[in-house]
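For reference, the structure is listed below as structure tokens.
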Amino acid sequence: MNKANVIQELKALASEGMPDETEVAPVVEPASPEGDQEAKPKKAAPPEPRKNGLLEVDYAVKGVHVDVQINSENVVRAAEILDRAAMTLEAVTGVDWIKDKELEVVYDYSYTGGECLRIVVRARIPRDEPNIPTVSEVFGGANWHERETFDFFGINFEGHPQLEYLLLPEDCDFHPLLKDFKGC
Amino acid sequence: MSSQTASQNKEHFEINLGPQHPATHGVLRVKLLMDGEYVVDAEPVLGYIHRMHELMGENRTWAKYLPNMGRLDYLSALSYNLGYVELVEKMAAIEVPERAEYIRVITTEMNRISSHLLWFGAFVLDLGGFTPLLYAFDDREHILDLLESVTGSRLTYCYFRFGGCSNDVEDEFLTGCLTFIKRLRSRMPMYHNLVTKNVILMQRLEGVGPVSAEMCRKYGATGPVLRGSGINYDVRKNEPYSVYPEFDFDVPVYNECDSMARYMVRMDEMDQCMRIIEQAIAKIPEGPVMAAKVPKMIKPAAGDYYHAVEAARGTFAIRAVSEGKNQAYRMKLRSPTFSNLSLFQEASKGMLLADALAFMGSIDLVIPEIDR
Amino acid sequence: MAGYFTNILSGTKSLLVGLSITQREFFKKPVTLQYPWESLEMTPRYRGHIQLVKDGETGTHKCISCGLCDKGCPSGCITVKGEKQEGVKVKVLVRYDLDFTKCSLCGQCIDNCKPGAIEFSKEYNLASTRKEDFYYDLLKRLKEQK
Amino acid sequence: MNLAISPDLVPIIREGLFLGLIIVTVLGALLATCSQRMIRAVLGLVVCFIGIAGIYYFLNSPFVALMQLLIYVGAVAVTICFAIMLADPDDDKLTAKTPGLAGPFAVLLGGTVTWALAYAAMTATWMTPAVKVNAGTARDLGESLLTTYSMVFELVSIVLLIAILGSLVVARSGRDKTEC
Amino acid sequence: MDLGINVVEMLIYLVGIIAFAAGNAAYLVWVERKGAAHIQRRTGPKEVGPYGLLQPLADGAKLMSKQLIIPDGVDKPLFMVAPLIAMVPAIMIFVTIPFSDSIIARDINLGLLMIFAFASVNVLALLLGGWASRNKYAVISAARAVSQNVAYEIPMLIIAITIVMVSGSMNLKEIVDFQAGGFWNWNFLPTNGNFLGPITFVLFFICFMAETNRAPFDLGEAESELIAGFHTEYGSMGFGLFFMGEYANIVIGAALTVILFLGGWYCPFGLTDGIWWFLIKMYLLIWTVVLIRWTYPRVTLWSLLNLSWKILIPFSLFNLLASAGLIKILG
């Protein structure tokens, strides 16, 4: 595994499909805790949804080394890059950003071969059309994680071999982790 | 998935392991498609004790979510406690006094031994040997007594607090730990003679349930399953947290990739736990067990946080998304056996029914943690 | 062929060793506690349900009805009701209810309690078929305590 | 007090026992042929075998009687059960209706056989009924097998060997599993 | 056929045998529970009577008073008959067992063969019970039990044939009498011409455990795999009969081992021969069986069959040939 190479490839992937590549460069803000950045402007103006791009964040604070946001159609390519780097998919999950009308799918990758490296890949998809390609072809373990995410958020993983309720009962018709879920 | 197409074969039939089957510790159902004694396809069906812990995490303050940790994996509750408090301490930048860190390590490792002992007993029970279970319980009882004298509970601990531990430990506890270690050391040869070296057990475990390192990687398997496949990965070593870097311990790794390897990893891990505890007791400093300044209402800065610890069954990680409020915006619990179990379907194909059970036992399942 | 015989021999030996271990354990004393006839003394830190601490001097509780235990309880199983009474500076506790069916014994109420008015009881012989039996009125309980 | 059975009663008991065994045998046979479920038919067969074993015992050949039990009940019936279990997974499907002509034909055939047997039994001249060749013990049996009947014994062994080999061949080609 | 039997004697034996079988079944359960408990450092039953000695009676009363549930969809006649098939042959076998020189219900010339003949019927009970239950676990269990019993009957018979050859009789009493004198005359030593003496004794013991479906060969009722195997659907006395049949079979197996290898009622030192020696030896063997059950994990079907075909049968066959040769040479 070559950390620099992986970062380079992911960076390239993240900058792909940016709305306007020449204008907005991917945000690269090492060291500075990204949390403050997001927290402060909140009081002034409603926070903008995060732009695609790669951040090398402070591991001691965030618990991850690389945080990259990409377009939803690129998650499989990201998985392939990380698979080639012999990384493991630890978990797939979602976050409901209801204010931005977006759902975020988060992939946690880690490296079990020695040096500690954790990479988080995220992709945002519109809330009313929650479709994203599955990475279960690349990582078999994603199968269950994606099913779980489907349970909780109703995200449709396209091409998933068995997108059924995993933890919730087969006949339920709600997705509890959506922020507009009001109990049943 | 394939069960529909495969079941058209007339010679195949389906049987259920669980949810009321004596082989599934807890409530797991595995739909087995069998061809005589051979497993054609095995599909675990989860969710029988799903409690939506992640949603609870979004509705409670950071502090109020603490007791939930003991309910995830009730056998090594302290590892989960530790993972959560460390995450919140990281988020809120709380300094933990050193004595508290040592106490955390001692109690967590004791808890890990008790978890492994219970697994040992239950595993041999799965294989049809009843007696080792009760010998293991005898030893485990001592741990529970010790931990009860410190934490007040016997199983679902809620002992750690943000910034330390809820109370200090006495010297009796520390000497008690040392006495227990002495006792367990003297009992280990008995376990090995009775169980590990038993020819029947070896026949049942050797070469059964092969899980290659590559498969572990693809499925995100961690913990003893990964280490039984020859990969030296332990969060305590690779990504040190708490005061683990100060201790000298080995990560047992076996290359056989079979159930026996996983068994041996856990047995050796108990030895290593004892080593850690001994060193911790020797080094434990005096001082407070709670940080001087812990904010009343914890409001971590907005952003994503991730923290992983080594629980008894593998990497337990929490991803918390904070919006700067006193409760989480999103709380993702990444439990190790969820990933470990997910490889069961692929790995168990073509196994004998009895071997599939041995394999399932060697993964060491704790269902509440899978279902969350 | 030699492996065939050594396998049989070593296997038999391991089986005999196993038998000797269990036979040896057979003659040892049981380690279990005969529960209804014997019972354990709970350790000082044992977490039973909470109860109000009896103040040695005044013979009553120390609760100031601040409600911090109530607010900090993850399961919401504590209900504290205080009342302003004439001549007393702080609110006077009139009811302290515990719904033990929900309690997870995390101890946060006790951590939160500034005056140290509540503690864990040492009761563990709790069994009932009705859940109403686990709704405790702690003030009443305190009065009944000697 | 001597409660030993009086000598007068012995023949009666003897006849009664013999009749009882015959009834058990016939009932078992009837159960085996009439029952609609295969597995119950096997049970009938077992009952029939046990009756026959009793008759053997009655006719002073305990060895044959016990062999009947050991081999027919303990092995053959079990094998048939096994075969049924393997062959017929959904046994709800009871025996299909036989064509109309089968019944009369069966009666005719059975009647003819019965008549022929009865006729043979009635008309044949029985020289020495139920010859007691030897005591029926293992030693006698072994001796006669290895002296008088050695040729037959060997032939039977060869037949059995061929049967075993044949069944092995059939069993191997029946299921071609690549692994396991 | 000799019918000059004393009716009173017959009745006494009948009642005695049934009482012996039932009492043994009941109290072996107690021994098993108490023994297991002490092996595991527990106390076991201790409330009903002193040392829980009345526990078996309480268990029996409980089993008998329970409702006999016949699940929907089972093959009712077979379901009812199977427990009987498990119990009756077991009791029949006791008829031929010589407990001492004089205590034997019926001294049959072919006693050994009779034991094997009736013991082989036992398989049918498991098979029918499992099949009639209409339960997948029960069917798998029945299939396992049968393949196991068939596989282990072969070495068992071969070893028994060796003993018959050595002692020249199938009469159990004569086999025991052949071993009269001290323990050096017993068949488990090679002194009598049983070439691999102790080994065949162990092999026979293994076979007997496998035949009675005892742990570690309890594949038929492997509770972690098949719940309770062939008696999953049985409750009340249906289960009770299966249970009694199993324990009766253990007693028979131990008795047979004592008769064939350990000199029956003869004292090891040629002194006070009598039924007590028979019982002492038998219960020691039964205790070993209990101890084994609580020590080892369960074997798998494949290693079970391997054990039979790769170890037991070759050894027993070799022993048969060698013993025959020995007898021929020594005359």
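Worth pointing out:
The chains carry the letters A, B, C, D and E, assigned in the order they are written, with residues numbered from 1 in each.
Throughout what follows, a residue touches a chain if its C-beta (ideal position, glycine included) is under 8 Å from a C-beta of that chain, and two chains touch if they have at least 3 such contacts.
Treat the numbers as computed from the prediction; the structure is a model and nothing was measured.
Most remote chain with respect to subunit A, judged by CA-atom centres, is D.
Among the chains in view, B has its Cα centre nearest the centre of the complete protein Cα set. Pairs A-B and B-E differ in how many C-beta pairs touch across them, and the larger number is found at A-B.
Note: centroid distance subunit C to subunit E, computed from Cα atoms, is 50 Å. The geometric centre of subunit B is 24 Å away from that of subunit C, both derived from CA atoms. Taking the mean of the C-alpha atoms as each chain's centre, subunit B and subunit D sit 61 Å apart.
Distance from the subunit A centre to the subunit D centre is 74 Å, each centre being the mean of its Cα atoms. Listed for subunit C are residues 15, 18, 21-22, 25, 31, each touching two or more other chains. Residue positions of subunit D in touch with at least two other chains are not found. Counting partner chains per residue, subunit E shows two or more touched chains at residues 39-42, 143, 294-296. Remark: subunit B residues 1, 46-47, 50, 52, 54-55, 58, 87, 90, 215-222, 226, 231-233, 238-239, 300-308, 315, 317, 319, 321-322, 324, 329-330, 332, 334, 338-339, 342-343, 346, 371-372 touch subunit A in the complex.
Contacts from subunit D toward subunit E in the complex involve residues 1-5, 10, 13-14, 37, 39-40, 43, 46, 57-58, 60, 62-63, 66-67, 69-70, 73-75, 77-78, 81-82, 85, 135, 137-139.
Residues 1, 3-8, 75, 77-78, 81, 108-110, 113-114, 116-121, 123-124, 127-128, 131-132, 139, 142-143, 146, 150, 153, 164, 168, 170 of subunit E touch subunit D in their complex. The part of subunit B that touches subunit C in the complex is made up of residues 60, 63-68, 70-71, 131, 135, 138, 141, 145, 148-153, 156, 158, 161, 166-167, 190, 193-194, 197-200.
Residues of subunit E that touch subunit C in their complex: 35, 37-43, 46, 288, 291-292, 294-296, 311.
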